[in-house]
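Common to both upcoming complexes is subunit A, partnered first by subunit B, then by subunit C.
Presenting the complex of A and B:
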């Protein structure tokens, strides 16, 4: 209840603040979503990507 | 042959609705109309109250006697008092209203904050979607990765000894790469910036102090300067005599700006410089 009131009074009450926080939130959401999807992708494809297997091939080249 | 005439008067049921006082309802008929020439009216308009209506009976005086007729009118077949809005159902002042109290919010402010939060969340989502849509659309206009890869130039750094210049071609333009000696770096960094035409620190012009990478196009009119010449130990443009120092900064002559720095990167693993 107190949280709801605080949210309403700080964010919503003034429309300029509301819209600004929406855009800021969109930016933060973009970044966070990107990070989340990228980390999920890396985990899903672990050991298949070039950055994971690069060390093997580079070492082989230097050995030979 | 004697003929008998049996006269029998009956009143047919009225085909129109009758008013409570027995007069058929004829809305368009003005029973109260008087002749305009009748100069002696009898008060208010309407049927006379002291004489019964001719419908109920007549009093005539033929040559012999007095005949009084009274018509017996059967009760009208329609309802006299039509109740167009019937009130047969007992009107309850407050019909059974369910109790909504359990469904009402305990606190209005929580609901309000929740509503605005949902509105804001939708705004965040739609702004994000719009942003990524526009970005995706704009990215289709950018050069693709294969084009960008062709537009890069790679240089083996190990092949350039210290204190030597190398000129490579990158997107049709010469690029100067100089492996600077520590003395040259020291010289480039101790220059008084106030004396420069286009003040720029040497630290801002190089990513690694020993490698100076810049476009070999004179900022005056686009000639290619000559390396290791000029008054300042850097480059000299033979077209109009602009002098550049060991950091590629314009020092003398008509050149208005320092030599331009292209985007470049070092590939540490392979010891290569990638311009572009």
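Presenting the complex of A and C:
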């Protein structure tokens, strides 16, 4: 209950804080979710994607 | 439309009409039994009239005739009724084997080294006859080649550009934004160079052919001598996977036809697999990103669905768990 009260008093009480925290939370979730899915994708497709083989064809720093 | 109905369908219709007379005989017997019964319920009488009335017979007949006509219009023939065809199954082409492609699974991306090898096979073998109109050199960047490699590949070729300030077209080396060149200037030239047959553009060939990658792979590796009794005209070749069996393209992939720069042995099936992977990428360049987005969408929408179930249960719990009591009013007259 104390936790719920603290949550209410810090986040929900003022609408400006509430809306801002929703937007910030959505942004942070999107970034984290994307990182999680990408890491799974890269582990599942190890060695198959261009970024895994590009070192074989690019010696020095290039723009691709 | 009715003329397309087989005779058996009409026969079953007349059989339905014949069964009606037996049904009416049954009705007279049933009513005579009902007369002796001590009580008859009104519901059985309505049920009986529902089964025996002329209107229900007509509507059932119209319904069955209409559904038969609709089905035969939609699918061409009725199920469970034998048909005789003049063509054989071989005319539709052999069904291709389902191969375990490296990009087949729900989570599998393309094998990009295979795309790179496949592009080499396309450029050295297929490009002699087939165009690849919808792929530009820039599309290869970040997929199978670096920007510098793609630029070098493009610069090897001459493209017509213009008009310049004198109104004349001029030749210039290719740029990343140029599309892959076609081997023939137009369709007529392509037909003239290939005995009347047009080599199809390969940009979307994996999507455009029934069976997709499996079909193209089977076609490339499936050339055999024609079986006994099959006549193949001069300039045509036999391939059981090609509908009709006779194809103008001859077998082009032979062992060690190309030399891969990553040392992969260039067997016929390896080259066919690589070039089909490349063509699959050309037909679906969005493939990798699409599957990745699909994973995200499935996770998010499943979570949202679970949340919606929870919210529904929460909102309905008051209604689902309420109890109703009836308290009879005190009788004041006594």
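As a working rule, the second predicted complex is superposed on the first by the 53 of 64 C-alpha atoms of A that agree within 3 Å, B and C clash if a C-alpha of one lies under 4 Å from a C-alpha of the other, contacts with A are read in each partner's own complex, and residues count from 1 in each chain.
The definition used in the following text is that a contact is a pair of C-beta atoms (placed from the backbone, for glycine too) under 8 Å apart; a residue touches a chain by one contact, two chains touch by 3 or more.
Just so it is clear, the model here is predicted, and its values are computed rather than measured.
K.L.:
Go through the superposed model and pick first if A:11 touches only subunit B, second if only subunit C, both, or neither.
P.N.:
first
K.L.:
Which partner does A:41 reach: the first (subunit B), the second (subunit C), both, or neither?
P.N.:
Only subunit C is touched by A:41; subunit B is not.
K.L.:
Have a look at where A:33 lands relative to subunit B and subunit C in the superposition and call it first, second, both or neither.
P.N.:
Both: A:33 reaches subunit B and subunit C.
K.L.:
According to the stated criteria, A:58 is in contact with first (subunit B), second (subunit C), both, or neither; which is it?
P.N.:
both
K.L.:
Report for A:50: first if it touches subunit B alone, second if subunit C alone, otherwise both or neither.
P.N.:
second
K.L.:
By the touch definition at the top of the document, which applies to A:21: first (subunit B), second (subunit C), both, or neither?
P.N.:
first
K.L.:
Tell me the contact category for A:1 with respect to subunit B and subunit C: first, second, both or neither.
P.N.:
Touch status of A:1: first partner only.
K.L.:
Which residues form the common part of the subunit A surface touched by subunit B and by subunit C?
P.N.:
The overlap between the subunit B and subunit C interfaces on subunit A comprises residues 33, 58.
K.L.:
Taking the touch rule as given, give the residues of subunit A at its contact with subunit B in the complex, in rising order.
P.N.:
Per the stated touch rule, the residues are 1, 3-5, 7-8, 11-12, 18-19, 21-23, 25-26, 29-30, 33, 58.
K.L.:
Which subunit C residues qualify as touching subunit A in the complex?
P.N.:
The touching residues are 102, 107-113, 116, 141-149, 262, 288, 292, 295-296, 299-300.
K.L.:
Per the contact definition, I'd like the list of subunit A residues that touch subunit C in the complex.
P.N.:
The contact residues of subunit A facing subunit C are 33-34, 37-38, 40-41, 44-45, 48-50, 52-54, 56-58, 62-64.
K.L.:
In the complex, go through subunit B and note every residue touching subunit A.
P.N.:
It comes out as residues 107, 109-110, 112-114, 116-117, 120, 123-125, 127-128, 131-132, 269.
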